[in-house]
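What follows is a set of structures for review.
One chain, chain A, links the two complexes that follow: it is found with chain B in the first and with chain C in the second.
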Partner chain A sequence: MDAIYKKLLDIVGEDYVSNQNEELFTYSKDLGTSDPKWPDYVVAPKTTEEVSRIVKLANEENLAVVPLGGGLSLAGLALPLKGGIELDLKRMDQILELNEQDRYIILEAGASHGKLTAYLEKNTPHLKHSEPGAPPAATIGGNLAIHGQGDLGHPYGFNSDMINGLEVVLPSGEICRFGSCALGNDWYTMHPLPDLNMFMGWSGSTGIITKVSLRLFPCKKIQEQDALVLDDADLVPEVLFKLTHIGMAEDIIVVSQEIPPPFNRLHYILINLAGDTNLELEFKRQLIFDTHLSSYIQEGRAGIGASGQDIQRPVVSKTSDWRKGGGFEYVGAIVPISSYPKCYRHGVEVSGRHHIPYTTLGRVLGTGHSMMFSWTFAFNRADEETVRHAREALHETDKEVLKMGGTLWKPAVFGQKILMDQMDCATLQLMQKVKHMLDPNGIMNPGNWEVS
Partner chain B sequence: MELTEEYKYMDVIHRCFRCGYCKFPQDWEDVDNCPSYARYRLESYSNGGRLWLIRAWIRGEIPWSEHLANIVYSCVACKNCEEKCPLSFAGDIVNMVVAARNLMVEQGLVAPPVKQYLEKVQLHGNPWGLGANKRKQWMGDLSVESYQGQDYLYFVGSEGAYDSRAQKATRALAEILQNAGVSFGVLGSEETDDGNEAELLGEDGLVEVLAEKNISKFNETGVKKIITLSPHAYNALKNIYPRFGGNFEVYHYTQLLAELLKAERFQAPKLDSVKITFHDPCFLGRWNNEYRAPRKVLQALGGTQLIEMGRNRESALCCGGGSANYFMDLLGGSPDSPARIRVRQARETGADILAVACPNCLTMLEDAVKVEGFESELIVKDISEILNEY
Partner chain C sequence: MIKLNFDENKCLACDTRDCLTKCQYMDLDVSEAGAEIEKLINGEDSRVLYECRTCYACEEYCPMDNHPFYLIVKRQEELDIPPLPEPIIKQGVQLGIPFRGDPKIEEINGPVLNMGVFSPLYPSLIQGSKLFEGLTPISTDGRKMHHFFCQLMYLHFARTSVINERLPAVIDTINSFKPTKVVHFHDECYGTYTHYAPAFGIDVPFTSVHLFEYLYHRLLELKDQIQPLNYKVCYQRPCSSRLSSDKHKYVDKIFKLVGCEHVKREYMDENALCCGSTILSQRREGSRRFSLELQNRNISDMKQAGAELCIFNCPACMQTMGKQVAESGIMPIWMSDLCRMAIGEKAS
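And then the complex of A and B:
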């Protein structure tokens, strides 16, 4: 028996390690346009201690370790670019502690957002977390490792700003805690200790997030979605500025897409509102539509797209079937809201050139401080030509984002490279030093955020 | 002919995005509502992983192996994936798996447990490899008429006839029908396996033989209406047999009992303050959309409280026994075996009885209760047994 396989088997048990072709094939594939990259082993640990032992083994054997959550980044960020051990963290999925009074929950990083949503609905329906637009299989740790956002992005920003504590297995195998939990206290805050959180946005290349204390927020009893429709992209930033000034929404998203036809060339500003009473909800609705946005409607520059609708969870997977082909990938970028019009126009142009129905989406982050803007490119997995077009559209968009002054979000290796090429030298060197200090053997998700 | 030309779903299988909805129940409680993924927790055992592997094998990207066959056959065809997949081809997910099995069977590329199962059914008409004369063993000292033109044929099925645990349910149902004055008879040693599992295992030729043999016997004896003990047999007789010219009025026994109760043909017993939870069998629920009949029967019991598990109806977790896995046990041997997860869910309700309406579920879940050490707290009973014993 392969000696490394035997050692991994001793750590996690025979059911949860494989070096067989079928598992290696499965984990070699990403859902997006990335080429397959084969691991040497697939391992699914159950505990932090197991993760620690695996990482120590990887150091001894000079093997790469690639942590995987839901595998839904679509950008190939958890592909084993240099082989080694693919670490599927989804067995680490326990919800460990709910603290209602102090509004946080501690859970293992492999727990899915779907599981957390269901748990909160059942056990504490007056609290919620910021649920990403990804399918429910997206994991808590994976979402943080890429600086994800969710449906509380408008009032509270990035999900990675909603952490009260972290446990991380460092590239050395040491288990480290951050925040109040590092003092042996409850997991109620990350601040005000000196900031050592060097794991968000690194896609697992500086350590493996194993436990998280996540902030919870009030979940009002009644939720609804309203929509304002505009045909002028240039008007969107102005309307968003007003909406974020009012500060009544929980989530503000602008969608424009070719399919279905009613969305084509229009901009649907979806506004999620919540209230504990109908009176509260009506007050918010009146403030938004009657007081602040009515002039746009009266002047014929905007219309009510929907009012008082139930909030449907997004089912982004459907995008993968637009070309009857099981695939899509998107470029995400953090941009100023004022960039919306040019972001949208680029989406229409690049998609048209690559024969892909255009899909753009912007989510307001914070009080209008920035926006996550995404350009989605569907492809047919069985038609290499459409995959090529999608890949080219992604790369062109990556470049365009930087040209527009945007910052790529969870970029694939191509995007990481052009982003680092443009980065301030001192910042880049600091990234390199941080990475080398934490991971001197370069075993953690190598190929990602590698400063050349 | 190339596999890509032979495979019926080549134009669809690449459309699975592997987004993972298929692992969840309706309320997203956890990713363990796909039995094989729950058991192994590797993406290769999720339905998305399985479909991608099948496509790779058919396209020649990976060779066949026994491990691949085990992954393909570890799907218990519970249809949880079809219930949860948001894409338009959802209704063909199990078909895509079965079509791959068709090709594996045609090429003789199945794993040993599957081969043994199919061989025994082919040679003996049942997966136990026992003689047809033992099909009547379940009756014991109970006198049951042979079918001779009565109103109903009571189709016992292989599990009901041969499995020692299931035999008790088979007998209980016969007694209930007799007490209710239902005119019925059985085929005894003339009955053969219903073929439901052979169909799911991809052995189309065997399905045809089994169906034609049963249909021929039904026609020969003038059968019009059939009661089945097993939802698997119910599915075969109702949905597979018409393909071979067998069109009969088929009832799962809970459907008939619900009607008899409504017509006051018999009275459900009064129990002494018992809490019951019900496990939906996949071949009654997700396969045939029958969720009400078993509940109507249970609700007719006096002195009982029916407590639903969190995952019920369309979201019920399969016992792991479908697609002949009650026999082959590809998902056994772990605390994460679906039957063990399911009895833990049942225990959480505080129920005294875990009621089932399927002989496969009965065996799978009772074994799981023993392994989990719940015997003193939770009894697994078929609905027929509850009605007959109390």
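And then the complex of A and C:
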């Protein structure tokens, strides 16, 4: 028997480790345009201690370790680029503690957002968390490792700004805690201790997040979605400025896409509102539509496209359904809201050039401080030519984002490289030092965020 | 040549000016109405073009069998005074563009059921029901419903040009099934082919049947299976039913046949209120709140009259008001479902 396999088996038990092609095949794929990359082993630990032992083993054997959450990044961020151990965290999905009064919940990082949503709805319906615009299988840890955002993005920013504590297995195998929990206290705050959080946005290349304390927020009894429709991209930043000034929305998303036709060359500003009573909701609607935005409506430049509808998250994956083949991948970027018109026009142009119906989406983060903007490119998995077009469109968009002054979000290796090429030298060196200090053997998700 | 058959002499001979004096959304006396009608006829700017809520009702009010509403919409387009903001018009116009392949056409040579924009609801509303036995459904694929979309909605958008441009192709599609008659599930389709098309000189080669007329006669055939429902019901009259007011009598006839009491209320029949769907988005100041007030007024009236069920026959009305109606304690339900319940079938 393979000696490493035997050691992994000793750690997690025979049901949760494999070096068989049938399992390895599954883990070699990503949903996007990335080429398959095969791990040597797949392992699914149940506890933080097991994670720690696996990482220590990987150090001894000089094997790569690639942590995997829901595997939904689309950018190949959890593919084993250099083989090694694929560490699937989905068994670590326990909800450990709910603190209603202090509005936080502690859970294992492999718990899915869907599970958390269901748990909260059942156990504390007056509290919610910021669920990302991803399938419910997206995990809490995976989302943090990529600086995800969710449906409370407008009032509270990135999901990674909504944590009160962390437990991380470092690349050395040590188990470290951050925030008030590091003092042995409850997990109620990350601040004000000196900042040591070097795990968000690193895609698991500096450590493996194993436990999280997530902030919970008031969940009002009535939730609804209203929509304002514009046909002038240049007007979008101005309207968003007003909307974020009003500050009544829980989430503000702008969608424009070629298919279905009603969305073509139009900008749907989806505004999620919540209230405990109809009176509260109507007060918010009045402020938005009858006071601050009424002049646009009367001038005929914007119109109410929907009011009081059930909340529907825009599902960009649907874009893969408009053609055969079911494939899609997107470039996400964090940009100033004022960039919206440029971002939108780039989407129309690059998609058109690659024969892909354009799909763009922007989500307001914070009080209009920035926006996550995504360009989605559909392709037919069975048609290499369409995959090539999508890949080229992705790479061109990566470059365009930097040209526009944007910052790539959860970039694939190609995007990471061009980001680091442009990065301030001192910052880059610090990144390198941090990475080397934490992971001297370079075993953690190698190929990602590697400073050359 | 597609052209509105509007006879201005009929207006000049009209004493009542009912089209505008009866309007629930404008306040005009006979003399003011006359002056505004003259402006509309002459293609001049008129307050009517700004204040019209596009409820279609003046087509019904007109005692001269003329087409005041179609004229208003035509003038709104000609003079570029759209009731809705431009992005909403673009959105609406693009909504009717088919994009997911062509429908499968087979010659039926028999009576057909045209679901129009109800196509996505076909499986739940129609499939397996005795009510529709003998009718071959067309337009049952929600992805392809825009090939059967009658386009009449664009009356709300000041775009008769869009209707006139697209309608002949839709008529061709329906006619390619070689129907002996077409039962239209939606008033809007029936109104298009029996009222709008003739008014604009558009040829319709098939015979149309209104859903309520069909349901009534079908229920008569199934009379021995009807169990009286004993509900107090009200009806949310859709705007397009104003184009088929001769069929409105079937509402009461059906209610009677299924053992329901049609409660008397202020906003019924000729005085029915618009669901507010379009008004919500109109440019005119305060439209959103006006739309909500209208709905509240309408639903309060239903409540006060003691209605237990509110009967709908338009997806826009149901989408706009269904939730509020339900929250007020009145069950929103499709007319076809009411009939299904009466013959012992389960409502969708």
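In this text, the second predicted complex is superposed on the first by the 447 of 452 C-alpha atoms of A that agree within 3 Å, B and C clash if a C-alpha of one lies under 4 Å from a C-alpha of the other, contacts with A are read in each partner's own complex, and residues count from 1 in each chain.
Criterion: contacts are C-beta pairs under 8 Å (C-beta built on N, C-alpha and C of every residue); 3 or more make two chains touch, one makes a residue touch a chain.
Quick caveat: nothing in here was measured; it's all calculated off a predicted structure.
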Sticking to the clash and touch definitions up top, decide whether chain B and chain C on chain A clash or fit.
fit
So, A:302: does it touch chain B (first), chain C (second), both, or neither?
second
Could you tell me the angle at the CA centre of chain A between the CA centres of chain B and chain C, given to the nearest 10 degrees?
70
Looking at the overlay, does A:424 come into contact with chain B only (first), chain C only (second), both, or neither?
neither
Looking at the overlay, what does A:260 touch: chain B (first), chain C (second), both, or neither?
second
If you stack the two complexes on chain A, which partner ends up touching A:25: first (chain B), second (chain C), both, or neither?
first
For A:382, using the defined touch cut-off, is the partner it touches chain B, chain C, both, or neither? Pick first, second, both or neither.
first
In the overlaid three-chain picture, which partner chain does A:289 touch, first (chain B) or second (chain C), both, or neither?
second
If we overlay the two complexes on their shared chain A, which of chain B and chain C does A:195 touch? Say first, second, both or neither.
neither
Touch count on chain A, higher of chain B and chain C:
B
Note down the smallest distance between any C-alpha of chain B and any C-alpha of chain C in the overlay, whole angstrom.
11
For chain A, give the residues common to its interface with chain B and its interface with chain C.
none
Listed in rising order, the residues of chain B that touch chain A in the complex are 14-21, 23-24, 27-31, 40-44, 49, 52-53, 56, 61-63, 65, 67-68, 71, 86-89, 310, 334
Within their complex, chain A touches chain C through residues 229-231, 259-267, 282, 285-286, 289-290, 294, 296-305, 307-308
Quick one: in the complex, what on chain A touches chain B?
15-16, 18, 20-23, 25-27, 29, 31, 42, 44, 70-72, 88, 90-91, 93, 112, 114-115, 117-119, 121-122, 135-137, 315-318, 320-321, 324-328, 380-382
Would you pull the chain C residues touching chain A in the complex into a rising list?
82, 84-88, 90-92, 94-95, 97, 99, 280-281, 283-289, 292, 323
